[in-house]
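All remarks here apply to the structure that follows.
Labels A, B and C are assigned to the chains in the order they are written; within every chain, residues are numbered from 1.
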Amino acid sequence: MRRITPIVLSALCLSLVACQESLVGSVPPKQVTIGIQTSPAMALVMVAQDKGLFQAQGLDVELKEFTAGKFALEAFLAGSLDFAISGDVPPLLAALQGHKFVVPAQLVGRTVNEVRVVVRRDDHAGSAKEYFGAKKRKLATSIGGGPEFFTYEFLKKLGIPPENIEIVSQKPGDMPAALVGGSIDAVAIFDPFAFIAEKQLGNKAATFTDDSIYSELYVLEAHEDSRENPETVEKLLKGLIAAEKFVQASPDESKKIVMKYTSLDRATIDGIWSSFDFRITLTPQLLEYWNREVLWAKETGKAAATTNVPDFRSYLLTDPLKSIAPERVAL
Amino acid sequence: MSAHVKRIGLLCAPVVALLFVWEIISRSAVINPLLFPPPSLVALALWELIRNGVLIVDAAVSLWRVLAGLSIGILLGVSTGLLTGRMQTLDSVMSPAINFLRPLPPVAIIPIVIVWLGIDDAAKIFSIALAVFFPVWLNTHIGAQRVVQEYLWSAELLTRSKFTIFSRVVLPAALPFIVAGVRTAISTAFIMVFVSELAGAQSGLGYRISITQLAYRVDQMMAGLVVLALFSALCDRVFTRTVLRLFPWLSLHQ
Amino acid sequence: MTHCIETRHLTVRRGGRKVLSDIHLQVSPGEFVAIVGKSGVGKSTLLHALAGHLPYSGEINIPKKIGMVFQQFAVFPWLTAKENIGFGLTMESKGKIELIDESLRLAGLEDKAQKYPAALSGGQQQRIAIARAIAHRPDVLLMDEPFGSLDAYTREQMQAWLLDVWRAHKTTVVLVTHDIEEALVLADRVIVLTDGKLGDEFDEFRPSLHGIDAKFSYQFLQMRQKITESL
């Protein structure tokens, strides 16, 4: 007993000193998880991660990959992620059901023809109106996401009645094969799957687009406590803005980074790169889309007709971006 | 209180208790109620889906796929199992191949099935039949192999007809095993219809569950899950009841 | 006299070991022969060899029409008593119905015709098995410890019943048992089987001629003693 006490006391002292050291010494980076879709649309995130731009802000970022942004959002809402990035439709649907979160930024200023309708050509493939008006078509799309909204607005604008079209729910990855195999006539989906479908069908493919209707915006989702504690969001945005500058300065290297993360070939990435305006911003287009999507959600039964429509502005967290670069908040 | 009423009460009590606990946990917001709605809201969603006819159509479509897939898979599984179980040459030729494919999770072959057969009913029924085939084949094979030797000896002395021996001795002797295989197959079939509908469909319970989830209507999604589970249980019950009615001796068999 | 069953130099090997060696067995038509021996001595093997279930060397002459009754799994559990008895009968339906009814009467199970074996006692099941075998009018009936899994009282009843049946049909019977008393009570001739070889034969006393009560006579006890020593 008499010999043990001094040993125990020394050990205790040493450990206390060690604790002090770690508290007073370098601040460890904040660990953060972000859910993303494995797609070139996430170029800014991938570049920031690869080039250590998050680390430079004191963030230790772990990327969790999903086949579609809406799955990332689901995981985020269930509490297993700190942030998620998805198209603009999934958060709208979630908000209509009463989920609470904030959107501090878009990751694209705009996209161009990001959702396309790719059809298997037959004698009727003249215009989209001719194609869909000719006979009943089977169209696969990603239900609950931007492609479904696009399809809805696209067909409405063409005046195609619902009886003329069978909407099939499929995972984006399964669509090209089903289209080539002939079990569906058309797909309405974002890149890279639209591009892949076009490539696989070759000259049997016909593409219909209409960027005046809708082109998906990618947004960042954060938990509500970011209102009180915006430091992490600010650091994230700073890292992403640095990535934006890098992408503009070195597009070639940026593409290589995206190739590494997505395993897509160079030709595919080159083909779709111009669809994206990679920019950290908040634009009025987002609110406009959300308000139009509410009508669609109610009309297609995704939300009950009596659902209360929240004030979407309340979902936007503008302070962090304003504090970094106020010109980027264009609302 | 009559014994019958008491028995029903004992059966229902745990279920009622579970529902009660669920309701309380959901409403107490220990878990986000948007992700975990109480049974009362799920029941309301269920009623809404039934009332607008949507669920009836979905249930009918899924049930048709399940029954078609089950029928084909069971027919092929039983006939193949009886043959490989009793005929040595067929066993050596076919069983290794079947056993090689058997451990493949049927869910994993769905992408290939889509490439080969597309996303129509035929493809889904094929996936279900394929998944059902293996447990039915295995159980039938074992049952046919294990026919008590004395039964076969007696049969051979009582008749010369190989067909009679097969249909009136081998098949009934293997029946308890076949029944076990089919019951496994029924749950497999319901799992497969759900999964294959996730991979491309316009109707069906799996489809409904999938798209309600994508619209964040967890109450509707759970209503769909409840219906799917109920149908699976109902199917199993109808099957066992029918089998016991057709073959009353099975209930006396150990 | 031509024998109904005859074997010459019958030898059966199982798992590399010689189970039966050089068996010479002769059974006359209509004779009831019992083969007794301790467990594992080869009694069942002999019966299965006679039935053609095992490879053997030597010669077996036995009629084609054989009936066989086992100790367990005697009847098909998925058929009623009536269906079991009718199994394999190929005559035209009227004759078939009559034969089945007659067999059910023989077995004393007319009121149990629609019952499944699991709902019947062991003794009743064996009666169905025996009636079923007899219905085919076999030239030879082979019985492998048919009453071995029955209780003592049922066994006695079954032995008495079997004797009646045999007297009515006069089939050639080879019955195998470890129970010496059973052998004595039923058989015209008792043969001992030891270590795969046929041993002494005992046919001086035929209790079957004297009725079941002869079991308690002095001669019976004497015979039993002799056989026991022979084992």
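Definition applied: a residue touches a chain if its C-beta (ideal position, glycine included) is under 8 Å from a C-beta of that chain, and two chains touch if they have at least 3 such contacts.
Predicted, not measured: the structure shown is a model, and the values here were computed from it.
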| item | value |
| --- | --- |
| Fewest touching-chain hops separating subunit A from subunit C | 2 |
| Chain separated most widely from subunit B, comparing mean CA positions | C |
| Chain pair with the higher count of C-beta pairs in contact (B-C, A-B) | A-B |
| Central chain of the complex, centres being mean CA coordinates | B |
| Mean-CA-position distance for subunit C and subunit A (Å) | 83 |
| Distance from the mean Cα position of subunit B to that of subunit A, given in whole angstrom | 38 |
| Gap in Å, rounded to a whole number, between the CA centres of subunit C and subunit B | 48 |
| Subunit B residues within the subunit C interface of the complex | 148, 150-151, 153-155, 157-159, 164, 168-169, 172-173, 175, 247-249, 252-253 |
| Subunit A-facing residues of subunit B, complex | 32, 34-35, 111, 114-120, 123, 198-202, 207, 210-211, 213-217 |
| Contact footprint of subunit B on subunit A as seen in their complex | 70, 74, 77-79, 90, 93-94, 96-99, 140, 143-145, 166-171, 174, 177-178, 181-184, 297, 302-303 |
| Contact footprint of subunit B on subunit C as seen in their complex | 51, 53, 66-68, 70, 72-74, 76-79, 87-88, 90, 116, 118-119, 129, 132-133, 136, 138 |
